[in-house]
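Reading through the structure tokens given below for one structure.
Chain naming follows the written order as A, B, C and D, and within any one chain the residues start at number 1.
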Amino acid sequence: MDKIRLGMVGGGKDAFIGGVHRIAARIDGQFDLVAGALSSTPEKSRDSGQALGLSPDRCYGSYAEMANAEAARPDGIQAVSIVTPNHMHAGPAIEFLKHGIHVICDKPLAATMEQAEELATAVGQAKALFILTHNYTGYPMIRQARAMVAAGDLGALRVVQVEYPQDWLTEASELTGDNKQAEWRTDPARSGAGGCIGDIGSHAHNLACFVSGLKVESLAADLQTFVPGRRVDDNAHMLLRFGGGVRGMLWASQVAPGCENGLRLRVFGEKGGLEWAQEDPNYLWFTPFGEPKRLLTRAGAGAGDAANAVSRIPGGHPEGYLEGFANIYAGAADAIRAADAGQAPDLSLLPGLDAGLDGMRFIAAAIRSSNDNAAWVSL
Amino acid sequence: MDKIRLGMVGGGKDAFIGGVHRIAARIDGQFDLVAGALSSTPEKSRDSGQALGLSPDRCYGSYAEMANAEAARPDGIQAVSIVTPNHMHAGPAIEFLKHGIHVICDKPLAATMEQAEELATAVGQAKALFILTHNYTGYPMIRQARAMVAAGDLGALRVVQVEYPQDWLTEASELTGDNKQAEWRTDPARSGAGGCIGDIGSHAHNLACFVSGLKVESLAADLQTFVPGRRVDDNAHMLLRFGGGVRGMLWASQVAPGCENGLRLRVFGEKGGLEWAQEDPNYLWFTPFGEPKRLLTRAGAGAGDAANAVSRIPGGHPEGYLEGFANIYAGAADAIRAADAGQAPDLSLLPGLDAGLDGMRFIAAAIRSSNDNAAWVSL
Amino acid sequence: MDKIRLGMVGGGKDAFIGGVHRIAARIDGQFDLVAGALSSTPEKSRDSGQALGLSPDRCYGSYAEMANAEAARPDGIQAVSIVTPNHMHAGPAIEFLKHGIHVICDKPLAATMEQAEELATAVGQAKALFILTHNYTGYPMIRQARAMVAAGDLGALRVVQVEYPQDWLTEASELTGDNKQAEWRTDPARSGAGGCIGDIGSHAHNLACFVSGLKVESLAADLQTFVPGRRVDDNAHMLLRFGGGVRGMLWASQVAPGCENGLRLRVFGEKGGLEWAQEDPNYLWFTPFGEPKRLLTRAGAGAGDAANAVSRIPGGHPEGYLEGFANIYAGAADAIRAADAGQAPDLSLLPGLDAGLDGMRFIAAAIRSSNDNAAWVSL
Amino acid sequence: MDKIRLGMVGGGKDAFIGGVHRIAARIDGQFDLVAGALSSTPEKSRDSGQALGLSPDRCYGSYAEMANAEAARPDGIQAVSIVTPNHMHAGPAIEFLKHGIHVICDKPLAATMEQAEELATAVGQAKALFILTHNYTGYPMIRQARAMVAAGDLGALRVVQVEYPQDWLTEASELTGDNKQAEWRTDPARSGAGGCIGDIGSHAHNLACFVSGLKVESLAADLQTFVPGRRVDDNAHMLLRFGGGVRGMLWASQVAPGCENGLRLRVFGEKGGLEWAQEDPNYLWFTPFGEPKRLLTRAGAGAGDAANAVSRIPGGHPEGYLEGFANIYAGAADAIRAADAGQAPDLSLLPGLDAGLDGMRFIAAAIRSSNDNAAWVSL
């Protein structure tokens, strides 16, 4: 089976998420990275590309050039991964979609709602696919959790608790001059108006919705900026009202010392509860009311089809973040192959435009609510 | 050293917390239970008393009778434990205080703010002590946490997360006819207007304040009653604003399947974080920013004077809920002995009227906020 | 119900286990400590006794004096707790048994096999009861584990893994002059020939047998003394062969930095496994083969009669070491009341002479095996 | 940088470890799989190869054919991965080494000591590299642990405890006809004389030596076969004596229900201890004596150069088994590039022939000891 020819926008030196996308694309051997506009200048793009084994003539100085050139080649890329800072998602995505090239885009959809809407229009008009890497939905035990909720194992849901604390912005790292990640992620011009709420709160929101099968209907948010001089929020507290009378809370923080990447979800229904923590992703607690607590393990007893479909190795051999991310790429590969074969791709578990728009509305609502002293805002 | 002569109001058969108070009073051998108005009728009171080895003539049919009789005896009780449902706290407490008998009262202070204020007046006029068993403040590692915050080990605080989920009211246990605990705790006439928020939310609030050394200045609460027909809330979500710009969240629930008694506190400051969970109380995580995470253990390396003062046995030999509760009784014993010797008791770590009034204001504010669609309410 | 009148031998100042016995005796309010030979001189004994509220005339200068005097009083002690160093177990126990006073003795049975045999003879001739505080058998989830094995929930057993690492003797604390515990526990004249193997290896052995319902038939032991100058072993490695072809291992250490009191038992059968750790004693893992892992909790769903019979408070409210110890005292109280009422006491779960002799044989076999280069030795 | 051209022997359908090797080779993009003798017949080999995108003319019917053909091609493979059952390791390895092709071989070295010695001779004569995938040494926190021991952070070592329990052979899965893994791994003709001891005991042994920097000098082993009819051991208990007076234990089992892949290592020295568990590989406990326990995390505070050199993503984003395995491939890539460039490869952390021979001696010694009733056997 031929590999899917893949390009990449962003992901040059000093980038974090670009390397993650590349590993995710490699793990199952379904993609071949053959072109890139990896950096902001042609020289740096070529340097980065050569380190990755790209042919020099397919290391482009801009995404527009790349879209044109690749669309014109008989062996041009079939898909492109966009791994730039948030304000540079929509532009490239629209460009490649126009050229009929499938887009795999890092989240969030865009830095502003205006960009998001332009992109939405482009997706609506495109024949190519648009996939958004809400990667945490790729974890096997998250798939398991979603399937269990959908199967009614918890009964009617009541409460959803989600949190995502980190500590890497506890100090003003954006001012030290050697932390590019901190710089752009706290710069509203590049990250969008949301800081913590956009960067990781949006992951928490997405995960809560993905597993519960519900949408947040309204929220009341109290956003804070604790680090003096920071231009975006670095901590977010939120009350949530989901559809069906389900209530919840969301906490996201980048100033919580001791928390590395503490995404954690708990869902409770009339008949039972579920708990999952990203840092220990091969486990899922299932606590049916009145019965002993059960610890389900990836590929172990109790893991069902939904989890097993995205597991690669036996239980007890931990899969991690990269494999979870790779499951999004594996889903993308299936969808791309189907689409390129003229068939209807299965997009049921693949985050795309809708998840992206939900995320943008969530960020906007949180900021609006917080600016109005945590008044309720509908999404 | 003579034991302190102790009486008890409430705590007869079918009671839960009365037995806990008795064990807590016994553990350090400082109290001798010699009198009781244990049940609501003289016969049941006598039955319960005899099972506990009380002399029949000191098993009373009512607390008023007991207060009068014991105050008149030369060997009468020096202190009384009040372990009745919430609506029966203030009355007995006032009565015993009037007779100069020290009061150790289960929390909350009262079922209503009116009762609480009457009690406050009585405490203000009494020479006897009033102690409120906010027992979770007695855990050694909570004492350690409070001392570390006070010593500045976390730097200026920023975020306080507290939660207290349980699952025992997931179903309508108050209707089955065989669960007296569920009955009175969901009956507003006996428990007060708050259900979950009063029963356990108040513990969470108290603990957050005790450790952080802060007061909640305002809150925005979304209370729910999930179980059909229930007359009080069974789940509470809340945004908190503490003094000094510290922000927090509180979740309390009695309908979270899989959660037994999940009180858990996390405190984050500019320099580090702390995490403690009641179900594993001998551990305290301390996470100084930029350093390896440290797990402090009761009576182990890293435990300081504040914890060691209330530890009984070496590290690795777990102490639990009863020992934590007993630490309140141990503190009460010291205070009572000092007071009875005409000295000033050390009340710095002993919860009393102030903590009780804070708790009552917290419950009232939460209900008011929730009735006003989670608007901010000052305490 | 009148309390059982209790005396104590040992347990004065600087003692550890005496205080534990006293708390254990108090927790359920079944005993009243009224006499003691608490220290090695009459003066110190009186000082220690007064601090505990004993009447001065019942603070004795020697156990022999105490046995005589108490046996002669109409209100003399019914039972005595012996909490001295190991070499002082047998003498007092024999003396009190001769006077018809029930004995509750700390483990091990004695410092030497000769003492143990003398004591065995005395127990055989006595009408009074002899109870040995192998306290770890008192934990509710250990009772649960034993019941599950006995009920066949694991199928035929195959493997038993038990370990008991500590770290408090990592350095030569016995030489610093301020650590009485370290001094006598590393002094063969007081502790017996076994150091670590006698002090805690014997607990591990006892627990493995109690839960599995099996006896160790032979063992191959490799004992070490890592700390220079130490006169007894401080680390023990052992292969075990139980009855019925069950195999196992035992590790005990007092030089394992980071291990506080790490007693841990795992039992595996054809159909499932169990795991329990003393430092987190309210949990029991049950892992039926081919099914999700289950976490049973004390007083929670899945805990059965055996555990519930020795639980005091609801699940999620942790009980600890002192409550587990108190369960031995509670069992002793029942047995003593039955015996004193002329009835047959239920000794099925109460460790006594047999467990004590098994322990002595285990220690002796381990030392003999190790001296013979880990050759197999039958017990 | 051009990718290394890689071939594979074994790893067709129904194989487990072949897929793992392929992912490990892909993760860092350093290898390109271009040829294979994937199955035992030419047809199946071709089917398997095509599914992997191999050119049909490079899907070979036998490893010998492949070695000849590839060595003759100008674009022939530079390295080959051998992922067959144990009895098929030495033959192919020798063949490819003779043709100057680097060998990356799954462990153990061979099924018999005779094969191992032949292979050793071939390695000694070859210019090509021989790398053995003792993959657990690739985990970052294992590298960290090894570096900490070497740096003296634990002081002189005393005790090493290693265990590796699994449960997948609890029942006679080799007889059901649908479990090829169980079949060959319990067939002495294919796995070698050791069952559990060879399959996973050898991993435990290797890991203990890798981290401690020590060799096992002698052992006393008690091997069992619990499942009736099984032809190899399925449980192994062992006393270990390392160099320098260090003592240890090893337990390996494939019949321990509830244990998925429970490799766990604890190392204790005069000054501190370390603990690591494969199922949660991003954590390493470091417990310096007399100080609070510290939890080191991959890429987190406290992780040093040795760990960071083989970490790909930030702390809190879990890496797992496949990344650990990929670290062996990354090391192999570096070594192969160096060797092919005529430079001396850095083999200091790369397991090879020596580790393989140590493993073979370990397995043989364990079997010999067990056959002699657990007598001590020198390695």
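Some points to look at:
One rule holds for everything that comes next: a contact is a pair of C-beta atoms (placed from the backbone, for glycine too) under 8 Å apart; a residue touches a chain by one contact, two chains touch by 3 or more.
Note that the structure is predicted; figures quoted are calculated from it, not measured.
Common neighbours of chain C and chain D (chains touching each): A, B. Ranked by distance of CA centroids from chain C, the top chain is A. Chain A and chain B have Cα centroids lying 43 Å from one another. If you average the CA atoms of chain B and of chain C, the two centres end up 34 Å from each other.
For this pair, chain B with chain D, the centres built from the Cα atoms lie 55 Å apart. Residue positions of chain B touching 2 or more other chains, listed in rising order: 259, 293, 297, 300.
Listing the residues of chain A that touch chain C in their complex gives 286, 290-297, 300-302. Residue ranges on chain C touching chain D, taken from their complex, read 154, 158-159, 161, 163, 167, 170-171, 220, 222, 224, 226, 235, 237-239, 241, 247-249, 251, 253, 255-259, 266, 268-273, 275, 285, 287-289, 293, 373-374, 376. Put simply, chain D touches chain A in their complex at residues 1-3, 16, 19-20, 22-23, 26-29, 33, 50-53, 166, 168, 259-262, 278-282, 297, 300, 312-323.
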